[in-house]
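Shared between the two complexes below is chain A, which has chain B as its partner in the first and chain C in the second.
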Partner chain A sequence: MNGFASTARLVVVGGMTSYRALFNWTTPSMYIGTLFASPLFQLLFFVYVGRGLGVAGDEFLIVGNAVLSCSVAGIFGGTMAIANERRYGTLGTVLLSPRSRAAIFLGRGLPYVLNGALVSVTMLGAAALLLGWRTPVDRLPALVLTTLVGAIACTAFGLTLGSVGLRLRDIWLVTNITSALMLLLTGVIVPSGELPALLRGIGSVLPLTHSVAAARHITDGDGFGAAGPDLLIEVGIAVAYTLIAVVLLRVFETEARRRAVLDAM
Partner chain B sequence: MYAIEADNLHRTYRTSSGWIRRTRRTITAVDGVSFQVPPGELFGLLGPNGAGKTTTIKILNTLLLPTGGTARIHGLDVTRHTAEVRRRIGYVFGGDRGLYDRLSALDNLRYFAELYEVDPRVQRRRIEELLELVGLTGRQKERVEGYSRGMKQRLHIARGLLHDPDVIFLDEPTLGVDPVAARDLRAMIAELVRSGRTVLLTTHYMFEAEELCDRIGVITSGRMRALGTPGELKRHAQDRVVVEAEVYGVDEEQLDALRAERGVRGVTVDQRGMLQVIVVQCDIDGDAEPERFRSFVRQSLAHLKLGRVEVREPTLEDAYVGIVTGQEAAAPETTAVLS
Partner chain C sequence: MNARRSLPRRLPRLLAVGLRTHIVYLSRSPLEILVALIEPLIFATIAVYLFRAGDRPGELLSAAVGAGLMGIWASVLFGSGAAIQNQRWMGVLEPLAAAPVPLVLVFLPITLASAAVGAYALLATLIWGVLLFGVPLDFADPLAFVAAVPATVLSLGMVGLLLAASFVLLPNANALANSLSYPVWMMSGMLVPVDVLPAWSAPLSAALPSKWGADALRAAVTGGDAWPPILICLAVGLCYLVLGALMMTWVERRARDTATLALA
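And now, the complex of A and B:
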């Protein structure tokens, strides 16, 4: 097998296997409950609060919640995909692999990207079914693409947290808090314009802030061109977190060999 | 060319503790270890807990860099040719961890086959062969979390062999495994050597080392205290006899009294239910000495309920105990290294 095919196999086959190995929620009830049921209730909650208090229209909250709903798979999944090595004591045997760290660890993100995008699209479908939300069919491809980009960015962010988790025992605290903060900072529920400059600044480097802005352009009928810049920034954020994750993994591995700092080995 | 070469290896760990007033300590885990293992040999590294065995293995298998010295696998420097070294070695450690509990044995092996770059065309056959070798055929679809300690250990070995390495590091592979499963594991290890592989085994069971190893290195406090074939190590104890006494209710004070006697090199106690078996290692210089030590031990313990008191030739275990206990007191310069 040539180098490219062999690496592709590691990314895809390895990534899928590690999904079952390291993701905590692979039993059907945990999977559906955590990834689908709870974001659905959250979506309904916000839409009815929006209707009851008259603070925002249905579409604003539906699109925001649907984009946000990929974050559990992306951020928690991404963290688990790396940091759970600590739980199983497998890091040493993984690091003894002669293969590319980027291929090993980034491939693990792939299932979570697909998983996250699936959750987002499901939420949109549920909104159409349960809340009577409608949008012209020709806007759907762009909308799906946007949720996919958002899911990639979330997963890249999750992988960054997971890498930190190799060193930091209490990474779940960080993951929990960040995940909650995204509700406030990314403009999915609260319009970014309402936030103080500092919070808006933090929000602008988190995943989803720009993909939700892009999604709003699309559902508002501004056309794909109007969504383009935000989508590109979101891609940039995904690339940035991916690079950070790769650099952290390399630094930690080198440090681990030099100073024996990874107790998971 | 040697399969494994360690040349004056050193490794220190820095640890720090405390939040406000951080105290830093430097621990010397490996302190100038050298040895060579020719291809096809089973080399045992023996020593008490904390002696530096695992640290030595982790330097040799590239997980840790040495803070001093060099190591080579088939002539490849472990620091400079890390990737090539990794392709030629397998690493198996003892204990419950190191496998993905929620995956089946088969999926664990498949995943590591990807990581260790086993050609996909031969993967299936290779995995089948290994499952057969370690006796897990038929159980491969079960999740590892339901495996017994011994089954996990066998799966560990299969994982370590996936990429067909010719040098294998086994770090306490029988730790916590029941006696029958441990015997199976030893048979498996012997088979690995018979098939031409080089094995470095660490253990703190002397009988295991004696049964399996071509040569044994005894390491304490990060230093090689003795190195040789089991027969050569036994000679460490040749000017010695052992007095073994069965007794009930001996206390530390009485043991210290035994230790204080001229010519007594070490005293250890083995608790067997209510019974204690005291092993007194004695240096002899004369034919009358063994009897002198025996009556000395008998007299010292006369006020206790005393069973059999016998003089016997030292075993490899006695030699090991003598090396370990003797060296803790002796200055390192006086270390005699056989080779």
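And now, the complex of A and C:
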């Protein structure tokens, strides 16, 4: 088998095996409750708050929350993909492998990308059923692509957090706080333009800010061309976080081998 | 022997000592307190922006109070929901069950403490609103506000008892807890009144003490008679206390019968 095919197999088969292993401890009800029910209630909450205050409009809040809903799978899944190896004491075994760390962990992120995009699309469908949200059918492919790009960026961000989790005692605190902050900083509820410059700056380098903007261009009927620049920036953010994750993994592994303190990583 | 006979006399002390112990225990970790405060502060910020955008600058205090109330519910949901599980993990569930007082009176202070600690969130969102957004603390009825906060905390603590007893029976209680924040925030009208919700949800809202607590706090902040909702909030909370006590007693008996206290 040539190198590319071997790496591709590692990414795909390794990722799917790892994703299946997730269901050793989670259950369908936990899975649906966390990934689908919670974002749906969040979407409904903000739509009704918007209606009660007469602000934003249903579509603004529906599209924003639907795109944001991919972050749970992406960020928490990406974090789990790395940090759980340390938590369950299997990190040493993984690091014994001669294979590329990047291929191993990026493969694990892959199912969460698809999972996140599926959640976002489901939220849009639920909004259509429950809240009467409508958009022309020809805009849907671009919208799905936008959620996919957002999910990739979130998963890359999650992998970065997971890498940091090799050093922190409790990465889940950071992940939970970051996840909550994204509600404020990514323009999902409050338009980015209304935030102070500092918060706007932080939001602009977080995943989803540009996906949400792109999705709004698409649903506003501005066309895919108008959404393109934001999507490109989001792809750039995904690439940047992926690189940061890979570099952090390399640095922490080298440091752990040098000091022979794998468990204290 | 006569421990149960003298219980009514010792009950206030038992509850007071338990409440104090668990409030101090839950307040020991500055990091956890900080984390518990961050989400309400984020919601307070979002609420202030939304209320401003909705041209309701006069109701900013209501937004800050609503966000704080959301924090109290989150604290009850995760603190009380895991109350029994936490005692089990710490290895003290068996001694607690073996104590001469009914188990329900051991757990009630824990759930009340989780609601009381949640009140930090209310304090934080008020301070946050004043310092960051210049929200004036001009309560329409300060006395009613001072009464409504402990009434709401107390009632939510009673709901917590039912959660504590129910969640121990559910293998996936965490998933349920994760999904229950937003529905209760929404059905209680913590940020906006429940009038905007579909009519079918009205009975569900009325069954939540947090709805009456939110009504009372809103009336105390913006004007209106806060006392009837305060009383209803306490009455509904008492119903949850009775249900929680019955459920806790049943759970304890079931665990003793099947010898699965450490597992059930």
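Everything that follows uses one rule, which is that the second predicted complex is superposed on the first by the 256 of 265 C-alpha atoms of A that agree within 3 Å, B and C clash if a C-alpha of one lies under 4 Å from a C-alpha of the other, contacts with A are read in each partner's own complex, and residues count from 1 in each chain.
Everything below uses one rule, namely that contacts are C-beta pairs under 8 Å (C-beta built on N, C-alpha and C of every residue); 3 or more make two chains touch, one makes a residue touch a chain.
Worth saying up front: this structure is predicted, and the values here are computed from it rather than measured.
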Partner chain(s) touched by A:259 [first = chain B, second = chain C, both, neither]: first
First (chain B), second (chain C), both or neither touched by A:21: first
Partner chain in contact with A:104 - chain B first, chain C second, else both or neither: first
Contacts of A:95 with chain B and chain C, given as first, second, both or neither: first
Touched partner set for A:10, first chain B, second chain C, both or neither: first
Residue numbers on chain A that touch chain B, as the complex places them: 1, 6, 9-10, 13-14, 17-18, 20-22, 26, 88-90, 92-99, 104, 256-260, 265
Partner chain A, residues of chain C touching it in the complex: 31, 35, 38-39, 42, 45-46, 49-51, 53-56, 171-172, 174-176, 178-179, 181-183, 185-186, 191-193, 195-197
Residue numbers on chain A that touch chain C, as the complex places them: 27, 29-34, 37-38, 41-42, 44-45, 48-56, 173, 176-177, 180-181, 183-184, 189-190, 194
Interfacial residue positions of chain B with respect to chain A in the complex: 13-14, 58, 61-65, 83-84, 86-87, 89, 91, 93, 95, 97-103, 107-108, 110-112, 114-117, 119-121, 159
